[in-house]
Every structure is written in C-alpha cells, then in structure tokens.
Amino acid sequence: MSFETCKDVWVFIECFQGEPKSVGLELLGQGRKLADGLKQQLCAVVIGKDVDAAVKAAAAYGAEKVYVVKGDEYENYSADAYGHAFLKLCEKYDPNTILVGATVNGRDLGSKLAVSLHTGLTADCTALSVEEESGNVVWERPAFGGNLYAQILCSETRPQMGTCRPGAFKKGQPNPDNKPEIIEEAIPTPAEQIRTKVVEFIKAAEDQGMRLDEADVIVSGGRAMKNAENFAVLQELADVLGGTVGCSRAAVDAGWMPQSRQVGQTGSTVSPKIYFACGISGAVQHVAGMSESGTIVAINKDDTAPIFEVADYCIVGDLFEVVPALVKELKARQQA
Amino acid sequence: MNIVVCIKQVPDTTEIKIDPVKNTLIRQGVPSIMNPFDKNALETALQLKDAYGGKVVAIAMGPQQAKAVLREAISMGADEGYLVTDRAFGGSDTYATSYILSQAIEKLGPFDVILGGKQAIDGDTGQTAPSIAEHLGATRLTYVLDMKVEGDKVIARRQVEEGIEVIETKFPVLCTATKESNKPRYATVSRKLYSLRCDIPELTIADFPNIDTTKIGLKGSPTKVKATFTPKRTATGVNIEGNSPAEIAGSLIDKLAEAKVL
Amino acid sequence: MSLLYTDEQKELLAMVREMAENEIKPYVQEADEKGECPRELFDWGFKMGLHMLEIPEEYGGTGLSYETTAMIFEELAKVDAGYAISFVTSFVALRNVILAGTPEQGKYFADVVKPGRFAAFALTEPNAGSDPGAMRATAVKDGDDYILNGNKTFITNGALASIMVGFFKTSPEKGNRGISAFIVDADAPGITIGKHENKMGLRLSNTTDVTFENVRVKASAMLGEEGSGFKLALNALNLSRAFVATMAVGIMQRALDESVKYAKERKQFGEPIINFQMVQQMLADMAIKIEASRCLVNNTMRMMDNGSLVRKEGSITKTFVSDCAQEVTSNAVQIFGGYGYSKEYPVEKLMRDCKVFQIFEGANQVQRMTIAGELNREYK
C-alpha cells in the first residue's frame, strides 16, 4: 500500500442477519463528500453469507463500486474472518480512505484493520472534511466526554481510517437507478483461522420499544424522573407523537431504564425531528448524543440548567405538570 | 489461570472544565480516577480468579501518579501491579499505546486472559484494548458480559446492538468489558492497607530491549491532533411561558405547528 | 475537620464513605421506619471487612488501631449509627476476650466472626442496668461444665449474633465478686431470643431479650478466673464507652452538614436563613461542639492504643460527646423548622438516634460519679 498510489473511499456496509445496517448507508453519504474532495471514487465493501440486500442498498445509496466477499464463514461477524477478508481486499485494491460504522462489530473490525495495516484510525467521528492540498481527511471527534472536540489527521500512512457513530449522519436519498460496478472477490477464510464461534444468539428481550435511531420523536427523561414508573408519563407523550422514550445516563445508573435507551457519549447518538429533554440538566456528555436533533424542547425546573443553552424551546417548569398538559392538549387537537 | 488487566488513570470527565480562552483542559482540581470500564474489566478478572483460581496482574501506562489506579486495583484484589512509564512513551496514540502495552504483556506473560475496558472516558476511542489483541495475535472478544471456562473451551457472552451472542473460543483471549458486564466490588480494609504499602514495579524502555522504537511515542503514532476546540453552544432558545401548564402546553404546540415541526 | 489524618486513614475513610453513600444510605429511611436492617445491607460491611478491624492480626483480623477504627465508624455513623453500632457491638464483646481470654478463646471467637457474623455482649438484665451487680443470671458448675440460667435484656445484635459474651453469677453470695464471664455460642440449646425492641432510635440495630434456660457450656468457655467477670466487664466497658462516642460524632457531623446546606438554600424574608445571626449562632455552636468532641474521642483512642485503660477519660469522653450530640441534633431540627419535624427530612432521625448515647454504656449520671470518684482518688 502506497501513499501515492492508493485511491478511493471505501465504506464498510455492516450487516445483521443478511440485512444492511443503517450506519453503512449513512456513511455512504459522507463517503461521497470525501470522495469528491479527494477526486476519487466511492466504493462499498460487503462481506457476508447473504449479501444481495446489502449490495442493493449500497447501490441505491450511491456507491460507484461494490466489493463483495461471500462465504458461509461470513454468516456471523468474527474478527478473524472479516478481518482477513477485508485485509486481503486492502492489499489488492489499495484504498485511500476507509469508513466504518462505530458499532460493536465495526469498532472491532476497524481497530483490527488499523493495526494490521499499521495505520491510524480515528474513532467516533462526528464531522468529516478534506484538506484538499494534502489529501488528508480531517477527522473531527469529541473527547473528554464531549467537553472538547479534536480534529485529527492521519498524515503519514494510508489508508486513513475512521469510525463514525450510527445516527451521527443522516442517510441520503436512495437512487434505485444507480448501477455500480460489482467486484466479487473469492477470499475464503479457512475454519482453523477463525478462532471464535457463535454458538447461540439471544435477541434483546427487555427493550421491545421502537429503536432510538429509528424514531422521529424522542421523549427523554433524566434525574428528575425519580423512578422507573414515572417514565410512563413520557411514554404517553411519545405515543401521542408516534415516537419513543430515551433517557440520560443518570436514569440508567439509577436502574430506571436500560442502557439501550441511553442517549449520550456512552450511549446512543440520535438526531430525531424533535427531542424532548425532560428533567435533564444537559451535561456535555448527554448533549453530545442529541445536539444534532432537528428541534430540541427542554423542560426543567432549574432555569440555570445547561440544557437551555442548546434548546430551541425552553420551558422552565415541572415536567410532571407540563408533559401531561402536552399530552392532553395534543389529544384534544388530534380529536378536533 | 493467569490474567492481566490493562487499566488507565483518567480525569473524571464528569467534573472536567475547559478553559474557553486557551481551549485546553483545566486539569487542576479535577480528580483522577480509574477508568470506569477498566474497573468492570478488573471485576471480570477477579470473578474469574474467584471461580478458577490463578493470578490477576494489573498494568497501566502513564506518569508516576498513575500508580494510584494500580494500588486501587490491588486493593480490590489484584495480586500485582506494574507501571509502564518512560518519556519515550509520551504522546502515543492508540496504535503506539497498544503496541507498548502488548510488549509489557508479552514480558510479564504468558497470560490466558487479557482484559480491558471498552473505552477510556477521556480518549473515548475504544480502540486501545482491541488493538492490543492485534499486536499479540490474540483472539479478541469485545463487549464481553461474562465468561466461563469448560475444559479447554472459553464460553463468553458478548453484547451487540441486537442482543447477546454466546461465543466459544480458546485461550489466550483478549476481552473488553462494559458497564453491563458487572458491578465492580469495593476494596476490603486489609487489602486497601496492603495496596498502600506494597511495591509497584516500573517498566521503562530499558526493560524492553527489543522494542520497535518506530512504533512508540509521538513519532510512532499514525494519528496526530490538528486542532482542538470547545463545542459552541448558542442560546437560540425561545422561552415558552404561561400561567398554567395547559397554557404552556398550548403555546409550545402552536409554535411547533408554526415551524411545521409538528 | 481538624484531625491530622494520615494518607492511609484518608484512603480508608474515602473507601468506607463511598460504600456507605452508595449502598447503605438509599435504604436507611425505609429501614428506620420498619425498625429493621435487611441482611444484604450488613453484607456490604462484612464484604469490606468492617467486622475484622479490631480483631488482632494473630487471629486473622486486621489489627487496626483504635484511632483508625474510630474514624471509620464515625464515617459509617454519618450514614446510620444503628448500622455502625451493629459492627461496633461485636468489638465490645471482643474486648472482653482480648482482655481476659486465652489465645485459644481469641482464635475461636475470631473464627466464628470471620465469615461475616456478629457478636453480642450480654450483661444487662431487667433489674440490673446501672447496677450490674444486681444481676440474677446464674452459672452453676456441673462436672466439667456450667449450666447457665437467666434473662438478659436490651442486648444489641441479640437476634443476629453467632457468638456472645455473657455474664453470670457463679457465686451469688459474693455479690460483684461472684460474677463470671463466658463465651457462649448463640445456637447453644436453651437460648431463646425475645422479640425485637421497638426503639426510639438506632432502629437499624437489632435489640432483643436473650433468655438462657439450662444452657450447658464447657468450663473452658469461661473468660478469665471465676469471679473476675465484674472487673472484666468494667474494664471492657471503659474501652467501649469511649469508642461509642465516635458514632455520636458522626451523627453530629451529619446534622451539621444537613443544617448548613439547608440554611444556605432556605430563604425567608428575602434571604437565605444562614444570614440570620441566631441561625449562625446555632451553627457555630454545633461546629464548636463537633470539633471538640472529635478531638476528644481521637485523643482518648490514642491513649487506648497506648495501652491505657482510660477509666476516667472514657467516662469524660462519652459523657461530653453524648451531651453535645443532644444539643447539636436538637438544633439541627430547629434550623430545619417545620420540615425538621417531618420524617421526610433526615434530621429528626438524628435527634432520635443520639438520645441513647446518654443512656447506654453507663448512664451519664453514673459517669459523672465515676469521674468524681477518680478525682477523689487522684488528689491526695
């Protein structure tokens, strides 16, 4: 792999049980931006057993080329198999830039590749751009729990790599007519090389609600909720608006909500149309997970709460009075 | 079972303040703590030791003050602690740090299990521990909730977004722990006293005669910081007021409807 | 806080504080209302090794100094003194074993307690409080054994203890000189535990009657010589009397912490009430009494660590500190005003908790007589 000859922006299209996860498709949008800045092509990488859905989606979301590695050994993610396949692709095709979603497996794969390729990986990026003169991608990411943002460069080695959080970027508009070049590579990974085996998969049972990254409206509660039962108040508002309930870390730490509902630096990053922050103080760690929301409504008894600095609509009041009033008013108007 | 845990001393980022003029951290007065996820990793290690016997070694890379987290690890039950420290290691990014730690692990090993936290709350990259696996060529399992041993098999439960994977593998294995993995135990009084009095050996560059110096420190770090800045927060908010919750609710809904959000 | 804590002491206290705040504090209000501490709560203290602190190292304990142990229990008492006293009571029993027991007896006691068990100290009877010599419990020799009979009352850890140090008359005709001390396993046949006392305060602490009905113990269970029990009890109590004062300091400190916080937030007549001089006077007097109490406890602990039996100093410490605590906690309620009177706020409990410190371990009136007696002896 050479600094001079490497080219193209690659985006890993992570899948789960044959279906492409949203994050890869979100990153194709960013990849397009980088490819334009570097004046190179946007490519997708699909590895799996059933790859058709992913290839189709990659095409629809703008890939100019799709590299495909198929095999039974790729049915479930494993660092050994996926790492091996991706590495071989890199050795053959010499990419300039690689984007991977910062999911559990994406982070796993990203770090494995970065070390194998002896190159730099910047994790959890929230903004990407290109330095046109140097051809360096500028990887922007939060640190210190979101208190500080840093711009990172991988200036001496290639490929330059980054992971980005699901929900940090929005998917573009799909174009069903896009027809990329499909390049299938036969890269088998022998069984002896795969040191881990998934013997069972237990679907997440406790959280049956709408996923945070799918919701248009999120009603989130914090420390002021006082207990788990009170979240029913927020659920009512979420139901009326067709959204779902989220929470801050304080609620998870107190055991009122599962971690899957946490919005923030160590939870999920979300960007719904409307985000209601109820009884949430607005610590930087939380804001880092929801600041890209379309409209932020904050309800808090404390008029000095930092959440009011990022909110579009500020209500100083008791959420246990305001939220039910909102539900009542919305129901009344919906009836009318 | 021989177990090693990589722990990091970090500023308590819930207490951190940024100097808005210089755009740097105000470190003074911010307490330093053991990275919370490393504490989970340590608890996983101690539970393995409780169940299967063996030894738990804690290692940390950092300046002298990082010995405090090693002592904390010992007070919770780790058998030994080592500080990897040298000016030559300063400025390392995750690639260089993970390389140096892997060298220390090779020196102190062999180990059956290597544990680390899923991410450090200052860097937040989540890359260092998994990268160590790569340098060592060890099997890696990230986001492990718990592990048990059956004969020569290791059975681990791994947390992914969609649920839990039950995975079978063999030693040696590197695992990262997360908050859901466990609730870290408190220290005991007698262990705490021991930890304050015991020796914490240091490993400096002299202890690694064969280390590849191109992979350490600032020079060995493929990623470099171009700039840092504090996130800008603009108070654009519209205050919604009213004489009653019903009035406030009505006012908000009107405004949202006007803005075509609702 | 004006004690010169060593780094080790600071670390230990931080550790205990974190555990108590996170694991015990959230459940105190409910437990106080119920009058019962759930076993899981005690387990946190056991896991941390709080029950082993005073047990000598040669018996597998931590062998911590009185000074440091007292600091730890002050810290624990800030969260709940009833919780703290459950552990402290084991040490009250232990001291008798250390003062008069053989190494075998010491090891036996330590081994019972080590896995996470409580001990109890059974001296008081319905008719023998300030006057323990009036006790009616008997220990009658029978071959190589003694048969114990009697009814002890207000026994802390009565229902929880695995092992007890009990006092019985081996020679009733000899009065005080006829009392002997015994180590008794709590599960020995013939021991019945009465109902849990519904107390004003220290409600997380278990207090019951303990009835001995023809309980057979080996002669080797006797602590020290036959007839030495009274002196032993007095000497042991001198030590524990000074020690329990540390919990009263913890209660007072909590009272002050809550009061200052409240006084800064509560506004009347347009300003925080901490701006009003009479509130300031109350807070200042609270702070003065706490400082003096803490230093007094600490100094007496150091004397004990130095081997002193602190007959006079123990009485002085306990009397002064417990009297201060009454005033301090009462003023805490006063500062909170109407809210202080409500169980929703933490201060009324503090006032209820500290009253007993003027009563147990020797009523303050008796302490004053003891102090005067010592003065009389000292001056020629």
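The chains carry the letters A, B and C, assigned in the order they are written, with residues numbered from 1 in each.
Here is the rule we go by: a contact is a pair of C-beta atoms (placed from the backbone, for glycine too) under 8 Å apart; a residue touches a chain by one contact, two chains touch by 3 or more.
The shown structure was predicted, so the numbers you read here are calculated from the model rather than taken from an experiment.
Colleague: Per the contact rule at the top, check every chain pair and give me the one with the most C-beta pairs in contact.
Modeller: A-B
Colleague: Central chain, going by Cα centroids?
Modeller: Smallest centre-to-centre distance to the global C-alpha mean: chain B.
Colleague: Can you name the chain that lies farthest from chain C, using the mean of each chain's Cα atoms as its centre?
Modeller: Of all the other chains, the one whose centre lies farthest from chain C is A.
Colleague: Calculate how many whole Å lie between the centre of chain A and the centre of chain B, each centre taken as the average of the chain's C-alpha atoms.
Modeller: Each chain's C-alpha centroid was found; their separation is 21 Å.
Colleague: I'd like to verify one number: the distance from the centre of chain A to the centre of chain C, where each centre is the average of its C-alpha atoms, in whole angstrom.
Modeller: Each chain reduced to its C-alpha mean, chain A and chain C end up 56 Å apart.
Colleague: For chain B and chain C, let me know how many angstrom lie between their CA-based centres, rounded off.
Modeller: Centre-to-centre distance between chain B and chain C: 42 Å.
Colleague: In the complex, go through chain B and note every residue touching chain A.
Modeller: Within the complex, chain B contacts chain A at residues 11, 13-14, 16-18, 23, 25, 93-95, 98, 119, 121-127, 130-131, 133-135, 139-143, 155, 158-170, 179-180, 221-231, 233-241, 244-246, 248-250, 252-253, 255-256, 259, 261-262.
Colleague: Show which residues of chain A lie in contact with chain B when the two form their complex.
Modeller: Spelled out, the residues of chain A in touch with chain B are 16, 76, 79-80, 102-105, 107-108, 110-112, 114-116, 118-124, 138-139, 141-157, 195-205, 241, 259, 265-266, 273-274, 283-285, 287-288, 291, 294-295, 297-298, 306, 308-318, 321-322, 324-326, 328-330, 333.
Colleague: Within their complex, state which residues of chain C touch chain B.
Modeller: Residues 7-8, 11-12, 15, 18-19, 44, 47-50, 52-53, 62, 64, 72.
Colleague: What residues on chain B touch chain C, complex-wise?
Modeller: It is residues 75, 185-193, 196 of chain B that touch chain C.
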